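We just call them A, B, C, D, E and F in the order they show up, numbering each chain from 1.
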């Protein structure tokens, strides 16, 4: 059951601090550490045909992010999962035809310690969960013609500062990189290098190239262990396509046969331009397409078709 | 005028999104980029005797942080200042005797672009302003006996990722460092090194040592240009005490004659222990005390006395 | 006296391997180490009113470049100067009205050792000298409206590989950076960062900012000791404008009051855009203009006026 | 057909700018970007028994170097190959008995843009091709007694500046390293370390060690992807000798059982001294010899024998 | 035969400078380079049931350390082994029941060259060998309850300064790290990171984690090639447990399923706390225990049982 | 009073572990942490005309080294000074005519903790003090003709591992560097670079250059704060010669007008060759000589003359 908003229209339901309430009323205090200190972790899990995909893997990574950030989750992970499933259930009916969504888990360390009043009891963490339809229209066109990626000036934070394996919300390096590239080309994806000049990832996307039949992606030393990234590795193994986790320099991308991004939303998105140079003859490559097809098969639906149906 | 909260007691007033409202109702959407992406900047400006100290300098730094993060402020800086002053005015009467507070400005880039609904108009930025009494009781005791500082395992993000000169809210390196040190000693301040092992700063404090009569502090290559830091530099010049901005290694601190932190709240706090080794014979040093006295004189009140009056 | 080319028109005279000959016939062997290994050093010295400016300083730097690259000059430096002056003399009459030029010295290590035939005697170095009118039309417009600079993806070679203080011809980092930026904006100057993310220089230009009345430029640890750079330092001292050699991060440029480039050709060129962000209200700044005026005074001619007279 | 030089003797023919002409007349303008900016790429392909070896692989790498340097080749790669083959054909008859040669391809970006005259048409690139007998006498003796290698002070340019995978001509780091080592021992090969102290390569040679039966060579993160290096990898696989691409520190070389260099000219050259310490009991090792024999077999000729026949 | 000390009690025998003598009289000159310059290498080889374990491997590593430090051993390695065996023989009878020991080889470069008197003959190296019972009581308790490890502030020397693969005695980084951690917790093992923040090793221990059934340990680029480390690799292969040499960041340890140290003395010691966070539910993990059992089997004795028998 | 050795000749007296005894009997246990772990600190203080020079400064630095290494001195620093003076007194008479010596203080952390027997009491530190005549003959010739310096392959340990400001005895980087250079040229001084390629120091010498009248020396970020280095800084100030602490790259040395080393023994030694390239026209430079003269004046004796009188 979803909420009714003030105009009497059905509205998505979100969950904050032990309450289910309309998304437009789902808020956190301006004293929350999430706001003042970026002190939170996150997970986005998408549905295929309304079913959450690899939700356990996402929750497993969340636990790891919590442990490394030393943020305490004030409920059990089992409860967190249940509420998340409930949020999916309550909002699913609001999805349009041929639609899917993602459930978003955000956990912060709660009200900033120095602003807690004496004698008042505070929750150990702030938990916010909500559900959104996938933004198909923002990427659907690229499945066929390929997307562009451009390296930002800003470098990804080094692992000895903020380990990229933690999926956390202090993302100013990613935020600025995104806006730097937006000024160069508002339709390009920003890619960040690490401190030594290796490719790492985009703001929410993992990066892959294909060279002479071998798929390559940055190692987990400078990049997030994306669930979609792991899925591609599994699919490649299943399809007997060799795959390597290795350092990738811009040289390798300029001379790659194919390149693609992975993300929870679009799964796999072909890249046909990198740093204003065309890759792969400006067309999505065969291995990229094969992986997309294998993934579609795995989830029993046409990933590309679904997205493209949202293009007018 | 301050607000009445639900129990009829007077409550502090905050400002969010063009509205003045009780602090307990001052909230931001869970869809705000501040929550999901740590995409915000901040300033904390304290009062002395109820008057804001160097508010223009704080606002000037805010403008610089906004420019570098490419976050647009949806009102003018003049309006922002006015509202901030209004917030101080409305809350001052709630301060206790011998109390002072700080006004907090937080500006985020607003609702995350990918979650904005078509056809709906959104503000370009989220503006939150509130006012808090200073947490004197958390540091007052250290003016006389000196505080402890311990180097965290986590390193400060490198300037090519998140320039420390931006006062922004993606602070996970600082958050984790604070909690790392908290487990070693809950009463110690966490200090972070840069990627090469130089001292940078604490989570909201600048770092200083005094060696053979010369004050030293890290350069602006790896540390925030704190307003209190700048005040110490001015005071030192006024007092003819030589001061240098330079790289500082742990060796230099172990062998320093004095050490201290600066912050908007406590101004100057003597350090008498660093990495579990005593500094300065475990007593606040003479130059540290001289600087504190000069500052008190400058603002026309007894900084240490005020703080200590809050110790029971 | 200048040469006659095949069409009977007067042509500029160049000097290669002990011969004066028409520029179009001035060539080096395809076996020369300059071609195969980029094994050469260079100097460009401009004239003001037909007189070489700081030619001794340029030759002094050439000697240092030769020493560090271990390239032997097969004639004396005195002879090299004489021939250079002769080249200026012979070509000056070909300059148009209100024109000036630069004399170019290129010294390579001669025919690649492994390709030298036994029993044949080879010169120890290849010496090429020529004279060109200055390309005023390529930069004149920027004196008034300011130029744009953009940071390239490619980083400047580190000093432990190719010390930027050597003015030498293995410039692939600079070549690629120039072409990277050309694709973003064909009218922008490329700026390179060093391995740690500090600003270094452009492909032939030194970089300066002005912040609160202080001029700042990168140190000689990561940048060429440009003769024009040294001239600005002298002028600043003469004009009592404080100047510092220091590390400069993009943050510092975004928040600078002014910025400019220096080069042998244009002397000082105002920058009003950096990384697609405006600087200095998009107008050349007052200190930049003052320095240009001081320089004009020093050389007894209107530097900006001369350049602008070449705009149609 | 080869050319006649001015003394009526047959001379090798080279190709420059669409013309075949005697090598001694094959020249490029002193205004060429190759001379002034080291702005060119190169390939050296050798013959065995007069047949080019892996010419397609060399041309493939050339295309990659061109792409990354953004130098445009003004003819097609097919034409380039044809001319190269023609150059081999025309010069082969000038080879002595038991001789072989290498064809050299050099492509620059042509006359420096800023020196191009208005109204004149320029080629997009300068193409120079020539053919030289191999310098057997410079290395033949080392097949039996082993060569020496010494680490130079100069470090190899970092991949974020000039990616070593590009075979390009801005080689000042390699040039200086060669001359540094020449002063220590004129018969030693110079080896360069990367910025972190790992072995990379020599000036035109890849580096290998053998430890407990395993062949090791630096990865493509800091070294050129040599065609001979690739051949060794193939031969090792064919011979079931384990081979690894990995970081190699001087420690590993001091304690290696064998070491060798690879290059287009000598294929494989045993090393028996490194940094003035003997390796491999000062004798070429068994795996080194086995690889050389396998290579000889592959090309149907005695590689070592041919070279040694040129020793008087 | 062991020595009689001054009180007529039997005392262990040591060997210094070609002499067997009571341990209490085994000394080196204060002029020895070992004392003044830390100029020595070392090996510790333990016995199981009185038999030296992998003594050849230890001696092989000693030879490598000598070669890289350029310290000359003034006797042959065969002689060194013989004396070492003799030392074991002479001291074994002094071991208590259920005891074992380790033989310690220390080789320095002898009297510091600048302090050698003219006309006096000096040995090329100082050789000291002694035998000690294993300090079971210092670690036995941790087999069952697990040990703690804490990252020190001091970083492991970089391989381009002192390659960690050399087992040598200039260990100030390790010494200081040990004492840093001792002040945090006197019962914790110190772990050092490398210059980039990867885990390296402890002061005499290699570091391992187990994640999803895969054993991981730092590579030989930043850590000693421990003989116990090699034994674990062998055992893992024998037991078909996948094992990887890779970079390990603190993130990986916080999220590991198990962790353990290896050393010559205790072989394998479970870790259950790292940086004040529990690992492996604070209990030694199953793979850790399996490896310990396999090792016990290999040496024909109960490693854990022996150690625990020394706990009172 | 000095000791009689076994042949009845007078012998120098040393001090170890609270005992004065003949130097040849002055020894430390092979179980001492100095031997096994390089766990000690040191000071060398020379006499001029038999009087210790800046002994307080040396002892002050010793205290700092002890604090940072966390080695406890088991007697007071006052007692240590007294014994040191006593050692000088007792040995002075053994000096030859026109001779001087240096007193050597070595403090280790005593018997290695893991080898201490239960129930036995151990000293907290091992203290060794001895006195040696200066090795004039090893450097005297270089005052007039200049010495050679060569950069070693080994790099100086980074400050985050072993801070070079600690004068301590784990010197394997320096030991190996010395032996590396010895093989290139047994009469050259080894110079080490830091991790980034800057000049640091030699094995016991600080490094200086003079360029256009300005003296330059590496900063204390990568080099020992030598007492002789400090003396040169004082002398330069007294003589109004500008002096800078700054990063120095090999480029700067190749192009320097003068270069010299400082050390406790020789005070100042001119360098006339660096990396096999001549500096300063191969003759000691005027500022180098002026500094030496000022120093001689300060200590009331002819430093160069004394040294040269020891050349036969």
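List of remarks:
Assume a contact is a pair of C-beta atoms (placed from the backbone, for glycine too) under 8 Å apart; a residue touches a chain by one contact, two chains touch by 3 or more.
The model shown is predicted, which means the values in this text are computed figures rather than measured ones.
Under the contact definition stated at the top, the chains bordering both subunit B and subunit C are A, F.
Counting the residue numbers used at the interface between subunit A and subunit D, under half appear in both copies, so the two copies meet with largely different residues. Farthest from subunit E in terms of Cα centroid separation is C. Between E-F and D-E, more C-beta contact pairs join the chains of E-F. The pair from B-F, E-F or B-E that reproduces the interface of B-C, where over half of the contact pairs by residue number are the same, turns out to be B-F.
Each chain gets one centre point, the mean of its Cα atoms, and the points for subunit D and subunit F are 47 Å apart. The mean-CA centres of subunit A and subunit E are about 45 angstrom from one another, to the nearest whole unit. Averaging Cα coordinates per chain places subunit A and subunit F 58 Å apart.
With touch defined as above, residues shared between interfaces to two or more other chains in subunit A number as follows: 68, 70, 155, 158, 160, 166, 180, 197, 250.
Touching pairs of chains, sorted by label, consist of A-B, A-C, A-D, A-E, B-C, B-E, B-F, C-D, C-F, D-E, D-F, E-F. Interface of subunit E with subunit B (complex): residues 151, 153, 155, 180, 183-184, 197, 250, 275-276. Within the complex, the subunit F residues that touch subunit C are 193, 196-197, 247, 249-251, 254-255, 277. Partner subunit F is touched in their complex by these residues of subunit C: 64, 67-68, 70, 158-160, 163, 165-166, 221. On the subunit B side of its complex with subunit A, the touching residues are 14, 16, 23-24, 26-40, 42, 68-70, 104, 106, 108-109, 114-115, 128, 130, 132, 135, 138, 154-158, 160-162, 166, 168-176, 179-180, 195.
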